[in-house]
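Two complexes are shown next, each including chain A; its partner changes from chain B in the first to chain C in the second.
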Partner chain A sequence: MYGLLVLVAIALIFFADWEQIGESFFNVEIMRDMFPEVVTIAARNTIVYTALAFALGMIWALALALMKLSSVRPYRWFAMGYIELFRGLPALITIILVGFGLPLAFGWRIPGGTLGKGAIGLGIVAAAYMAETIRAGIQAVPRGQMEAARSLGMSPGTAMTYIILPQAFRIIIPPLTNELVLLIKDTSLLFVLGSTPQSKELTKFARDVMAAKVNATPLTVVAVMYLIITLPLTYLVRRLERKAEAEKR
Partner chain B sequence: MTAPPIEIRDLHKYFGELEVLRGISTTIRHGEVVCLLGPSGSGKSTLLRCVNRLEEPTSGSILIEGEDITSEDADVDGLRTRIGMVFQQFNLFPHLTVLRNLRIAQRKVLRRDTDEATKIAEEMLARVGLSDKIDEHPSRLSGGQQQRVAIARALCMNPDMMLFDEPTSALDPELIGEVLDVMRELAEAGMTMLVVTHEMGFALQVADRVIFMDEGVIVEEGPPREVLRNPQHQRTKKFLRAIEIE
Partner chain C sequence: MKRFKYALAALLGSALVASACGGSDALVLCTDAPYPPMEMEIDGEFTGFDIELMRAIADELGRELEVNNIGFDPITSGLAMESGECEIAAASITITEEREQNIDFSDPYFTADQSLLVALDSGITNLAGFAGKNLGVQTGTTGEMYANENDPGATIISFENPGDIFTALAAGEIEGVLQDIVPNADYALNNDDAEIVETYPTNESYGFAVAEEGSEDLLADVNEALATLRDNGTYDQIYNDWF
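After this line comes the complex of A and B, so read on.
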């Protein structure tokens, strides 16, 4: 069964040009040149863009989720249209729209440079995905919880804030963390917005070094940087899911 | 003369095409304990849930101490603080400790400060005999204990009346007694109570009046001994026979 696999592996080891691979992807000198900026600027920017986009997206997503569950029809229609639109479009289109489309059309810029435009663009997209997750979480809380809260005299808003949402968020921590991981990777799209040396995130940083050195090693470095950020999160999701599964029993 | 705690006038309720309440009228007097009996689907739970407007009646009115809770401009949230409600499934808030379960509505609705709310919570928890569980989460309690906490939570709002929606139906048989004991003490302390139940013993011993419902109407009502021992209507007799066989 493993015969073919072993054969292919041996063939690769013998025929691959190891020197070329080492020189193109693991050039130690270029690696050394990338530090410390790849951490202090690029990785830092990736994290800052992600955090801000996630925070904006979360607030907006909560509003959308509540609209989608509203008894007021126009709210529901708006939320539904929004979610379908921004889930259906490539994130890149939305980012270009925010970064270039709006300034072209209305002559004003979103403040904060790449950070402002990027966080808003990504936040708009992330909100569409997270809204559906939050809605599902709210609906997963048993109906009796709302009834108990209301029968104690709580207003709908008070009941939602103190009784329903805390339980809903506990349910959706794993899928929300997944969306955070997707968002980290989507910050790589922000290269289209252009950047100053101080505002580069990991992907843009790698591309610029690649162009300057005519070598692919920067890709290896930032790939490792992405994994250092995302792997702990995916590990955390798996643990949370297993824990939730255990609690159900 | 003060208005009665609950006055129900010609209440009708449709679920779609189905008329589940077909003209219910009755008055619950101050301090009275009334048990609602009847086969499942007779509308008794729906009637109870209309009283604090968890269900929206189709027509008719319900006066809570003289105020119509079914009217468009009723202060429903305010009226609900006067009506304690206990559910079949307890519905404690699982993310909060027992103390916080008992405190949250006091804090957010009645605007009591934390010290006062804590004091009242401790008092009510003692009343249901669960002072030692104050820092537990609901999931760590037995069904009977959860239901007693739910009763204490309702009492923390100092309600003028209490509604019980099959409070022992979700409990293991050996846990029913402890909940009924708490309810009996509450009745003896003079609480106005409207109870949907299948516990005939409780109705017989504690209720001042039983109301037998079937197919959305009140078939007969009166003192428990008369209705349960000597039913006048065929449908009541049939229901009581079925319960006894059980």
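After this line comes the complex of A and C, so read on.
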């Protein structure tokens, strides 16, 4: 089996046109030209869009998760409809609906330009996914915890806030970090909303340099940028998961 | 029996050719529709600036106009004219040296200027009025370069395609669009809430295309007719209908 693997690897290395690849994807001059903007503007914007969308999405997701677990039926229906809708739609379509559809429908312009529109659009999508994660986390906390808290005289709200949610979040930190990584990559869809030189995120930045230089090197550069941002996060997830495993024993 | 089949095929073939040619003296025009407002189909009839100008030229030559919507590639490669599908083509073809290797161009009949389209409710009347406002452009176009070089202090937002730009304009996310006059004119034609307030000259112009060989007479006639239409005001009249 390993022999086959080695053979395939050798064939790939042997038949690939390395000169062409080097010229198209690793043009050092173009790489140099992209700095420092690729860090100070593009990478920075990617992180800012992600952070804001994640924060908004998290708050909204918590509300949705609680609605979905609520004993009030219309709340449950709303949360379910919302989650099914925005998990089912491509993020690109949701972003266009939020960025252009909302202002068209209500004559209300989302403040903050691309940042505002992007964060709300992505936040709406992220909330749908995270709501399900949070709900699962809450349900994973043993039922006895709620019963014990209630028997101590805590109100259901207090028990949820101080007893259940802290334990639930501890359980769901790894899957939530996964959501964060997905969100980082989804910021590449924000180009549809239009961009100014100051508001470009990594992918749009790369595509513009690509078009100007007719060379694919910018893709390589931002690919590395994405990895610099995401790899520490995925590493963190692995650490947390291992720690959670160890605690169970 | 076999002979009969051949005869039938020949008959059908000649009937097809005859119907395709229409009246023997019609000037057959190849185009690539839709590209509004230059060429498009309304209620089954071809119209648009290119088509109507060509109709006027055909009138000058004392001929009917017939339109064959054939697509862009066969036109720029010259195949459409060489194969006899049509004598001449009008399809917003920018005159370039590269294309002149395959086809011959008439005198330029249209300059593809850049233009500034503004939303009427913004109250802006020129590029300087965009200071502190949002101006939409298309990524990687002449319009984007022009906007950046003559930036009046606007926030210049670049979009990937015209559809996105006009959606943003309708949504009020941008107050105006700086791009080729053709898509802007089409939008202004179909929407009462926006109009073109400024145009900026470029060196790009459109020409009618004919086959490289055997079209010298036609080309001379067309150029002459075009000059006449420019002189007698018919050209301006048609222009104002669409822009």
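We take it that the second predicted complex is superposed on the first by the 234 of 249 C-alpha atoms of A that agree within 3 Å, B and C clash if a C-alpha of one lies under 4 Å from a C-alpha of the other, contacts with A are read in each partner's own complex, and residues count from 1 in each chain.
Rule of thumb we're sticking to: contacts are C-beta pairs under 8 Å (C-beta built on N, C-alpha and C of every residue); 3 or more make two chains touch, one makes a residue touch a chain.
The structure displayed is predicted, hence computed values, not measured ones.
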Next on the checklist: Taking the superposition on A as described, I'd like to know which of chain B and chain C A:T196 touches: first, second, both or neither.
Outcome noted: second
Next on the checklist: Going by the contact rule set out at the top, does A:Q167 touch chain B (first), chain C (second), both, or neither?
Outcome noted: first
Next on the checklist: Let me test your reading of the model: by the given contact rule, A:K185 touches which partner, first (chain B), second (chain C), both or neither?
Outcome noted: neither
Next on the checklist: Quick check on the superposed pair: does A:R44 touch chain B, chain C, both, or neither? Answer first, second, both or neither.
Outcome noted: neither
Next on the checklist: Quick check on the superposed pair: does A:K213 touch chain B, chain C, both, or neither? Answer first, second, both or neither.
Outcome noted: neither
Checklist entry - So, A:Q145: does it touch chain B (first), chain C (second), both, or neither? => result first
Next on the checklist: Touch test for A:P103: chain B only (first), chain C only (second), both, or neither?
Outcome noted: second
Next on the checklist: For the complex, give me every residue of chain A touching chain B.
Outcome noted: 142, 144-145, 147-155, 158, 162-163, 166-167, 170
Item to check | chain C to chain A touching residues, read off their complex | outcome: 136, 139-140, 155-160, 164-165, 167-168, 170-174
Checklist outcome for this item: Within their complex, chain B touches chain A through residues 52, 54, 77-78, 80-81, 83, 85, 87, 89, 91-95, 104-105, 108-110, 150, 153-154, 157
Checklist outcome for this item: Residue set of chain A touching chain C in the complex reads 96, 99-101, 103-104, 107, 109, 113-114, 191-197, 208, 211-212
